[in-house]
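Structure first, commentary second.
By letter and in written order, the chains are A, B and C; residue numbering begins at 1 in each of them.
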């Protein structure tokens, strides 16, 4: 069985982090699938999905590490060509990738106690995102 | 239902980026599965799959960021032991990982309008790759 | 059909790398599913799953690259708030992500000949991990 739903969020961009764990859990509860795979995927090339302990310290640290990996103020070829100003966003999103797949067991994702699913929006603007949650199983 | 196919590509190595989106779409059209998960996976330990806006600027920027993360000309222990000269390739591939899983909805992957699926070949040579596309669904 | 099992490992933390390929293969053999997807996922926010050529050189090189990306001795906000001392672990795990999904074809994962599935434990302590292996297919 396959079930698909979406989570709508508004972000502030610039590595804005949104905890979407409860929204994903609500979709799982709704669909009635007990065992299988939960794929959480953000369409677009300037945002990513990962997991972290959702607390201000760790989130700050993650943002800082990402700023080192692909600095905001470096000259990017993408910006030179298209003038978008979000070259850094594209690099970050390609490195962190757009999705995550989590096992579903007896109606619950097998996350750790302090492990939340997050969207990180790397774009250089407010964005509306429509995150896809696809559940496969029985 | 499960359907598996492969995409054969020849790369130049050294972070060569190949847009495989249309090839994946052709396999989806062929298999007739409408809703489910599409797993795109490259066998081997010196290449990765991710998504990006496939245009020269962003691709150049991604390559540059990866060169900073695991520089080509740093001394690698792998090269010292095996003389392959591709220590940098192994590190890059382990960090970016070999696959991606994308939701399939009504026969289409839920990619953004400017989001393409790419193979990045990190090896230090021309390579023939046989990318696996596995589709699960109904 | 869905099949779930777990792999118990004890790690030394500090980027300890464990080759879990054979354990995953044993679970596949046990479940009898021939074609589908294998999701390998570590619960918790301080460890990751990826693939690499499992040999001392490449593993050393990967650890070194990760140490550059999120250095152990940088001041982390997470540590300031919670005193855990594992701020670096959280950042590393969020960047490398907790899981991997591998196609299963005729009873075998489509890994390369020198491509192993590894757990990297980034925590700052010995840890017991219970890695989830979820197989979906037929």
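Throughout what follows, a contact is a pair of C-beta atoms (placed from the backbone, for glycine too) under 8 Å apart; a residue touches a chain by one contact, two chains touch by 3 or more.
Everything quoted here is computed from the prediction, not taken from an experiment.
In a homomeric contact, the two copies may use the same or different surfaces; for subunit A and subunit C, under half of the interface residue numbers are shared, pointing to different surfaces.
Superposition on CA atoms relates subunit B and subunit C by a rotation of 120 degrees, given as a multiple of 5.
In whole angstrom, the spacing between the mean C-alpha positions of subunit A and subunit C is 19.
Shared interface positions of subunit A, i.e. residues touching 2 or more other chains, are given as 37, 69, 97, 101, 136. Interface residues of subunit A facing subunit C in the complex, by the touch rule stated above, are 35-37, 50-53, 55-58, 60-62, 65-66, 68-69, 96-97, 100-105, 110-112, 114-115, 136-138. Residue ranges on subunit A touching subunit B, taken from their complex, read 1-2, 4, 37, 39, 41, 43-45, 69-70, 76-82, 87, 90-91, 93-95, 97-99, 101, 132, 134, 136.
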